[in-house]
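A short worksheet on the structure shown next.
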């Protein structure tokens, strides 16, 4: 049960949490992560950020990782919503919810999913600056380290 | 900046998330955990659960741990809400929110805070069963293990 | 001294709060526990249950050898089960 | 074969999508890259940037030695930066 969306409009974490747990009493906890657009990039103020994705591949990959997380962390459900288009500083970019009978599974499932979205989901960010210039964001090496926690458990 | 509440009424994760990030653009992510009342205890259906706390000590301890988490994980803010009184299966018991410039701090801060609330905050749960009996919940050893991750980083 | 009881300790003692004046010789949490259990069958049932009881002195967790004095607020309760 | 470009590759090539027919001898993602960059100065700029380019074949990430054939959907893009 992975609920996957790529959308331009904002999401409502309260409604999504309620939806994930509706009409059931076997969930012990829901861990979540909301990513927000920060107002600066490398110390430089940004006006906005534009997110692009690979329609088709992105959704397929999100469904696959949602199922993998569900199996791996015994999740009772998860929700992944990623926005695309132009966003202002302070706006939400991404939401991950992971529901499980016990908190550690929910927390681990949520961390796994947001690490994966940051490092392996086909999205690209471009930042618009106040002087009118814009630049594609470079992938961060620390993100590759974060996902390697999950792929190389012995590392 | 730790926002601490012990209350009988429900909370709204959407409103709390918005409050934590209101009027600022320096937050990169907000990690959260919502604990829910499960419908069974050791496989036995429950009718309800009653939570009791130590007024005064509980709030003091929550403020202190909120400040410790803020310092330790470089949080930009955190929210801890714990409900008391009688709750039905499926209802929310506890909310933790942790805001940080980067996701790992937010995720770690949130996990630390919920582990602490489960193992060290002065709350006690009693479960009411369908046959009219009730029983205080015993502390779980796995919870002591969870908190020892944070107190013995080398373990 | 104000004594508070929570959860099943409160139920066994029969009250959540009582005011006591410490007799001579009661200087630690352990001394206080030993003295309190002589006060009534309910106290005896609460403290002799063979189950773990924790204490707080002035709203901080306290070990059995922690000092207590008149004017303190001392609480007794089972291991916590919140969250 | 449908070729897709994303992010700065799309901007340099000048289009997000093109249909091509593979010439003989183009059998892998690496072959395809080498051939595509001969198609226009924009393609050359996209693939010779000295920056890491990743590929997907039929919507799965693919290494340079992955096989390609007419009928496949092949995409080129920079390392991802979502979340």
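In order of appearance the chains are A, B, C and D, and numbering begins at 1 in each one.
Following the convention adopted for this analysis, a contact is a pair of C-beta atoms (placed from the backbone, for glycine too) under 8 Å apart; a residue touches a chain by one contact, two chains touch by 3 or more.
These numbers come from a predicted model, not from an experiment.
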| item | value |
| --- | --- |
| Any chain in contact with subunit A as well as subunit C | B |
| Distance between chain centroids, defined by C-alpha means - subunit C, subunit D (Å) | 73 |
| Whole-Å gap separating subunit A and subunit D, where each centre is the average of the chain's CA atoms | 26 |
| Whole-Å gap between the CA centroids of subunit B and subunit D | 48 |
| Two or more partner chains touched - positions in subunit C | 83 |
| Where subunit A touches two or more other chains, by residue | 35, 103, 114, 118 |
| Touching chain combinations (by label order) | A-B, A-D, B-C |
| Complex interface listing, subunit B residues touching subunit A | 12-15, 17, 21, 24-40, 89-90, 101, 103-104, 106-107, 110-111, 114, 118, 146 |
| Residue numbers on subunit D that touch subunit A, as the complex places them | 4, 6-8, 52, 56, 59-60, 75, 77-83 |
| Residue ranges of subunit B in contact with subunit C within the complex | 35, 51-54, 56-57, 60-61, 82, 93-94, 114, 117-126, 136-140 |
